[in-house]
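The first chain written gets the first letter, and so on, giving A, B, C and D; residue counts start at 1 in each chain.
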Amino acid sequence: MSSKKLKERLYIIIFEADTWWGKFFDVALLVLILLSVVTVSLESVKSLNAEYGVLFDTLEWIFTVLFTVEYVLRLYVSSNRTRYAFSFFGIIDLISTLPTYLALIFTGAHSLIVLRSFRLLRVFRIFKLARFIGEASQLRRALKASRPKIIVFITAVSIIVIIMGTLMYIIEGGKNGFTSIPRSVYWAIVTLTTVGYGDIAPVTVLGQGVAALIMIMGYAIIAVPTGIVTAELGMTMSQDKNSTDRICSNCNFADHDNDAKYCKICGEELPED
Amino acid sequence: MSSKKLKERLYIIIFEADTWWGKFFDVALLVLILLSVVTVSLESVKSLNAEYGVLFDTLEWIFTVLFTVEYVLRLYVSSNRTRYAFSFFGIIDLISTLPTYLALIFTGAHSLIVLRSFRLLRVFRIFKLARFIGEASQLRRALKASRPKIIVFITAVSIIVIIMGTLMYIIEGGKNGFTSIPRSVYWAIVTLTTVGYGDIAPVTVLGQGVAALIMIMGYAIIAVPTGIVTAELGMTMSQDKNSTDRICSNCNFADHDNDAKYCKICGEELPED
Amino acid sequence: MSSKKLKERLYIIIFEADTWWGKFFDVALLVLILLSVVTVSLESVKSLNAEYGVLFDTLEWIFTVLFTVEYVLRLYVSSNRTRYAFSFFGIIDLISTLPTYLALIFTGAHSLIVLRSFRLLRVFRIFKLARFIGEASQLRRALKASRPKIIVFITAVSIIVIIMGTLMYIIEGGKNGFTSIPRSVYWAIVTLTTVGYGDIAPVTVLGQGVAALIMIMGYAIIAVPTGIVTAELGMTMSQDKNSTDRICSNCNFADHDNDAKYCKICGEELPED
Amino acid sequence: MSSKKLKERLYIIIFEADTWWGKFFDVALLVLILLSVVTVSLESVKSLNAEYGVLFDTLEWIFTVLFTVEYVLRLYVSSNRTRYAFSFFGIIDLISTLPTYLALIFTGAHSLIVLRSFRLLRVFRIFKLARFIGEASQLRRALKASRPKIIVFITAVSIIVIIMGTLMYIIEGGKNGFTSIPRSVYWAIVTLTTVGYGDIAPVTVLGQGVAALIMIMGYAIIAVPTGIVTAELGMTMSQDKNSTDRICSNCNFADHDNDAKYCKICGEELPED
């Protein structure tokens, strides 16, 4: 087999998921990534590390070598190597192999192995079902459309949180956990998002009153991002539902409603759906 | 009375809820199930068990015998016994009777009695009001339609949670409750879902900063499932309300309500649905 | 002034809010109710009660006497006394006066005074702005329309919560706060609704895993009521917006869309909006 | 350069953001405000204040002098000085400079410096992108439209919270943190908004039962503000998208998109918007 043909075949197996081998490769890779993430996680549990430390180290090296081989192969079979190397997945693939090597030199670098979990994003590639792609794309478009509103919202919330946090710092007099403004702002965030750890909680009557106000008002405020995402998602979905794939033969306009019989831009009659 | 006729009558009483006796049987059964679940629950309270242990045991055996008799009866009157035995409710009915018998052999099997609570699902059968069936079906369809989006969403959240958890493990240096990566991931889930127990909470300044980021960003993220369910439910409901595809033969207007008899634009009579 | 005329005048002042005196009476009443609720609340604070106990007692008797006089007056001026006495506000008004008298006989009855806060509902009467009435009616209709779906939802959640609670009781082995099934079910509710007090929290690895599952899945589940209310509210609002007040002169059908030119039921031409 | 021309130039730089210098001024100001807020925050951290106290004091005076100069300049270049002085930003600008001076006289006034964070609102001015203005205006209009519903909702919630809080005070018998009615009401707010600090939590069985009821019911209740904001936002957005009132002269179809030039039903040319 010529080197070129081998390269092509490897490309189809490694980068695509339509053939049996391509699918098998992707699933096997996902299992490896999952196992690798699990290994790193378990390694951090002291009692398990004491007993199975050597096993974990061995597994980690095996995973790292496999991922390194995979990375080199991906680089080898790519027609445009630079593009792959600087693509999102190219960088993730590289980063996934480095920590184990770096840990030989720097202590601590080791934990970065968990960045491998980013590779789990490949899961969407395997599905490769039009349905999932479509759904994910709807979500992505809705979130993208929500972005400016969300930025306005987060800026407003940040200012509220800073002011409320300082107010509580003044009210509680630097006691009861409200020891500094940054800590009080942290408490305000914990409260406004309704997380409510309880590690810091107001004790004075006035403090509890203001806290109650933050919660009730905050609830109305916090309804906003949900409202934004929902409204945008509803729009995206009804657009997807309403727009057919018909293209006007006269002006090439493509975004026609389902019930349209004539192009709304040029008045040309549209083909049947 | 012939055996066949008796069987038919029993079938109507046990499996249907349209006759007076059928309704009485279903309500009585529900009350028994509820009492049985309450008995098991109270039995687990040590102070009550010490005092009323014998009473609880007796009640449990009474319920078990009654449910066993009911199961045998159901099996007897079914025209297609295999189908009932392997249907959802058939399996639930069987499982509900087993734990008490199993507890004679295995200790611990006893607590499984609580699986009887699944039988409470029969409550929907009693209502048997078109309204409730319709509402439940709207909910089910909306949730079903949301499934692919929810899967995409949960996969994304899982990856975020793994990465954030590890980050916090590194930042807090394995202290303040963040003793291992799995525990830190557990903390990240508790935080992102805004549950916030407070059994683990960041103490370092950097840790609190990242936690605040997770909460605020997390709030925008967590708005997504609500948005998905709402948008799908809105669609399902408006489809139910407005589901005809009739087109006016005079003016070609197509957006007619279900109850429309004449075109609201030109007054032309509409075809039957 | 004749007794009948006085009665009529009092009726307008006490029951209506369109005249200056009627409005003044309602606002004064609201302030009294608020003060009364505040007094009862402050009385329950031990340190304040020790110091101002006599003042609080005096105030409470003043409020009670005033409310009693008001109740008797309302009864007196009502044209249909039985209807008022058994109406929602009639019962609330009566209940508001009783606790102070009852407290002379039974200790503890005293705290029931807080039922007076129900009287705050009169606040909506004062507004009496078409806008508020309309908004409240939209909310009420949306919540009413949501009821069957919410019942289906709460039944489903109850069953989930019972099963999950028992599962955690078995997993945590009756330790770490999960001392009985009812307590574990309570924990499951606290977790599923994302309240998360942290008074009970899983400690075992398996328990934390199941808890994490409840939270993530629970989040998708808990999105449902929001979705229901939003979808129903959206429908109610767009109905309000779309439906004009035009009535078909032929068949008296009244629910016409804004863009309707002909009655969709009988085809009759509609009047201009 | 004449004094009048200088004043005009300064006005363009200080109040507008279309020129290079105008933009530079606004960005520099924002950075200063941010730095100032950060300085005040860090100053409240005891360990940092002990070490860098002098630095913080110096920085604060520098910021205050700069902001004072800026305020005087703004006042100087304004054509209508009274209007600026009493405008929202005029007042905020003044308030931002005062605390440092006041702190010379009153201790404690110092912390008010944090009111400077209100000045961060200027961030929206810099963007000055039509997109952000539009988005913020959509949000504002939706929130404004939601106001009457939100007021109805908050009044209802307040009454629920007062009654539930007192109920819990009676049930828990003034123990387990429920030491007074105000504290119990505070607890009810913490629970209903799903914040759940856990500093106060029911211990008795009945108390936990009622708490569970509050949570489940509360969840359905708390879905309402989200529903309100979402529904209003959805309306605002679809109004913005679809705001023409054009009617086709041929078929009377009225639901045309903004970008439509021809009727999508019959192909007739539409009138200009």
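Definition applied: a residue touches a chain if its C-beta (ideal position, glycine included) is under 8 Å from a C-beta of that chain, and two chains touch if they have at least 3 such contacts.
All of these numbers come straight from a predicted model, not from anything done at the bench.
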Between A-B and A-C, the pair with more C-beta contacts: A-B
Separation of mean Cα positions, subunit C and subunit A [Å, integer]: 40
Subunit A-subunit B separation of Cα centroids, rounded to whole Å: 28
Contacts with two or more other chains, residues of subunit A listed in rising order: 158, 182, 185, 194-198, 226, 228, 230, 232, 234, 259, 261
Category of the chain touch graph - line, ring, star, complete, other: complete
Subunit C-facing residues of subunit A, complex: 194-198, 226, 230
Of all residues in subunit C, those that touch subunit B in their complex: 148-149, 151-153, 155, 158-159, 162-163, 166, 169-170, 174, 179-182, 185, 191, 194-198, 201, 205, 208-209, 211-212, 215-216, 218-220, 223-224, 226-228, 230-232, 234-235, 256-257, 259-269
Residue ranges of subunit D touching subunit A (in the complex, touch as defined): 37, 40-42, 44-46, 108, 111, 114-115, 117-118, 120-121, 123-124, 131-132, 135-136, 138-139, 142-143, 150, 154, 157-158, 182-183, 185-186, 189-190, 193-199, 222, 225-226, 228-230, 232-234, 237-238, 241, 256-257, 259-269
